[in-house]
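First chain written, first letter: the chains are A, B and C, and each begins at residue 1.
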Amino acid sequence: MALLEVEDLNVTIPTPRGTAHILSDVSFALERGECLGFAGESGCGKSITAMAVMGLLPTTAQATGRIRLDGRDLLAMDEAGLCAIRGRRVAMVFQEPMTALNPVKTIGFQVAEGPRLHLKLSKAEAGRRAVAMLRRVGLPPDRFSPDLYPYQLSGGQRQRVMIAAALACEPDILIADEPTTALDVTIQAQILDLISDVVQETGMALVMITHDLGVIAETAERMMVMYAGRIVESGPTAEVFRHMAHPYTRGLFAAIPGGPEEESRRLATIPGQVPEPIALPPGCAFAGRCARTEDDCRAAVPPAEPVGPGHRVRCLHPHVGAT
Amino acid sequence: MASDGASDGASDGAKEGGLGEVAAKALGNRSFVIGGVLTGVLIVVALVSLVWTPYSVIDMDIAGKLRVPSAAHWFGTDQFGRDVFSMMMVGAQNSIAVSLVAVGVGAGFGVPLGALAAARGGWLDETVMRFNDFAFAFPAVLSAVMITALAGPGAVNSIIAIGIFNIPVFARLTRGGALAIWKREFVMAARVAGKNAVRITVEHILPNVASILIVQATIQFALAILAEAGLSYLGLGTQPPQPSWGKMLNEAQTLMFLAPQLAIFPGVAIVLTVLGLNLLGDGLRDVLDPRLRRLR
Amino acid sequence: MTGEPILRLDGLVRDYVLPRRSLLRPAPRFRALHGVSLEVRAGESFGIVGESGCGKSTLARAVLALETPSAGTVEFMGEDLFALSASRLRGMRRHMQMVFQDPYGSLDPRHKVGRIVAEPLDMLEAGLGRRERRRRVAESLGRVRLNGSDADKYPHEFSGGQRQRIAIARALITHPRLIVADEPVSALDVSVQAQVLNLMSDLRRDQGLTYLFISHDLSVVRHVTDRVAVMYLGRIVEQGETAQVFAQPRHPYTRALLDAVPRPDPARFRHRHRVQGEAAATPSEPEGTAPAGGCPFAPRCPEATDRCRAEDPALEPRAGGRLAACHFA
């Protein structure tokens, strides 16, 4: 049994203008120790998927399907049960290290908070663990006292504190939601290395959520590409990059400056815009922007069909051959 | 990519007129409508009282004092036999005058001061804000007592006294809001477009802080009515025989068990007016925000 | 393709006075620009790349005379901007405009698009009639491939990419010669980013614009600029033709930057040589303080020697028209 199994997860939010389909038929499994990447642009549903796993969906949202952690359905669980899981079994690192830390508490206190709450450690024990965790993420106590406040640290150092806090309870799953988007590139590289290292050391599973295919390539063994609330392509990262099958994945890849299109000085673009979640078309949500669209694309949502080893794509006319 | 969906929705909304659209939005806003009706009733009553009241508010009728409400005296009579309904009507004038002038003085001086402090910064900002703190540090009513003691009691002086203590409220609020707007990139864009601080303040800063100022103004309206009532009770506000809701309420205190209606009517009037103004402010804020308009 | 210098910065220094920590000690200063000199030629796209705190945004504001440097000069179209009278400076502003990072923050939400796009005309080309203004707005919107009718809408009715086009339309309305673009695409999704970058390339070709393109994103800078200057802690550490700088970086910081970019290529070896540390290393060290005397990058540089820690290298010409500030470049 996989550590985390998400099955037919659908999330809708009623709005005055109609029902917004935020997530549709999202299914995936996460094995122990696996690094899974979610890629896609803003609004594609990658962060909402993480929120659903954490049981932190907005109160107006309605979720159906199953999210099983070790076989227990999180969607059916009450708030008290979820509280015991959040931070303990599933931890999260957010994009904004500025706002994700409490500005009036010391970093040592914030790292020790989880162990005190979940592991019932004494204040002294939790404090010792916090120092050890901070040391592990590159903030040794001789230079970075646990009595420092977040404002005394740089963005990269704050993100290290966030990671230390996330690791402190030795969770089974670490969800990193755009953990380096707000950071400078040299700092981003350090943080990505740090995340990869601690994941390897502790054997926990990693869910890496990012808009940056480069970050996926560096951190994830398996990846999912999301578009308009659906997983449109999934598979082992190397396989997906070698044979991108969905036109959206290819479009996303081609739009990155510095790619093979460099010579022509023009970037490949994807025309049009993502359909709004209250007005999704009956067929493939990408059909309106896709050069390969045929009539059957607009009729029904394409099923996720295998196109390679462990590689599935929701497209009736996928690209074949190397990227 | 040439079209990029840029023409999406170009047809809808573009032809609707700006004013008609605001009006339509306003009528669809429940707070605005209820607040508007309550405030409107107050204004109409005050206007009517200028030319007509059922009875004169000066004539006393000791024989007919403390009557309960009846067909002849809708709200009954007070301890001097004056018609309460007529007094309430004239009192509405008083409330409007007090609140308008007090808020007018407060906003008229406070908003420019706050905007100036935010635009200039440095020692000017410090000076204005420390002066503000100084004014804030005095209990407003105590200071109003001081001012009316110096300048003599009377409706006008009490209104001005209340107005002066509205200045720091508006100055502080304007400065805080303006400082946040000054940091926005569209202000930088205006500077690139060659605009000076005055134009930027008028065109970008004030429209963007207007919504919080409007809401605050309605709260200050309400507070001004209450402050005037307090001053009148101390004998420093509206002078007899001119009626005022606050004065009526305070005079009714001693007669609470004998004639509760004397306290109830002005009390309810103040509550409804304050409620109406607050609803109006809330509604206005939403109506004036273009982001809340035309939700497709 | 590129001609005479249109913009010349000479020895630009900008100090900020920080809040005092103690009444008795003088207020600390933070040097955001540390003597920056460069030339941008008419018609070229010149990139400034660096991480936060390197001074690139301060540089942008100084170029547009929004901020007065503590020392040094900015010469634009042969005029020293900080020696000009206010009215002459306003006259110069027609020729230089700016595109900002945040497409949500750079458009006043209370103004309609038409008024936003026309804003530079208010002061810089005062006295245009209503009809002429409308025509210019429509023309400018057309150039960024929006409709003239969009002028009657509010910014919130547009997506991020469309808003950035509106911001570009505003910058184009006075027919400027120089556009300073401060991280113009970093807030956009990659597919939208590509649209805006293509648009900017087209505009440059069609309108003969000069770009000063500021970004932290190396792939973007590589794609849209002809020449590039790499900044670190308020100084230019390397400068040259973009293609050359990216192909053969001379300064260890440039190499570190390039190496740190995650590539969309899973076949690449995962752990590479990373530069360690941060520009602000510990909480006790105030931000942006370089060790006195030495190379500012020395504390993080894998190749630093005693000489680097003692002697600040000057930005000097190297082979191939390159400039680099490193003893070992």
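The working rule: a residue touches a chain if its C-beta (ideal position, glycine included) is under 8 Å from a C-beta of that chain, and two chains touch if they have at least 3 such contacts.
Please read all numbers here as calculations on a predicted model, not as lab measurements.
Note on interfaces B-C and A-C: more C-beta pairs are in contact across A-C. With centres defined by CA atoms alone, the chain at the far end from subunit C is B. For this pair, subunit B with subunit C, the centres built from the Cα atoms lie 47 Å apart. One simple way to say how far apart two chains are is to compare their mean CA positions; for subunit A and subunit C this gives 31 Å. The multi-chain contact residues of subunit C, meaning those touching 2 or more other chains, are 159, 195, 198. Taken residue by residue, subunit B touches two or more other chains at 1, 3-5, 296, whereas all remaining positions touch fewer. Within subunit A, contacts with two or more other chains are made by residues 269-270, 273.
Remark: subunit A residues 41-42, 143-144, 148, 152-157, 184-190, 192-193, 196, 211-218, 237-238, 241, 251-253, 255-259, 262, 265-270, 273 touch subunit C in the complex. Residues of subunit C that touch subunit B in their complex: 64, 66, 90, 93, 96-98, 100-102, 105-111, 116, 119-120, 122-124, 145-147, 149-150, 152-154, 156-157, 159, 161-162, 165, 167, 170, 195, 198.
Against subunit C, in their complex, subunit B makes its touches with residues 1-7, 9-11, 13-14, 184-186, 188-195, 199, 204, 207-208, 290-291, 293-294, 296. Across the interface of their complex, subunit A is touched by residues 51-52, 159, 189-195, 197-198, 201, 216-220, 222-224, 256-257, 259-268, 270-271, 274-276, 278-280, 282-283, 287 of subunit C.
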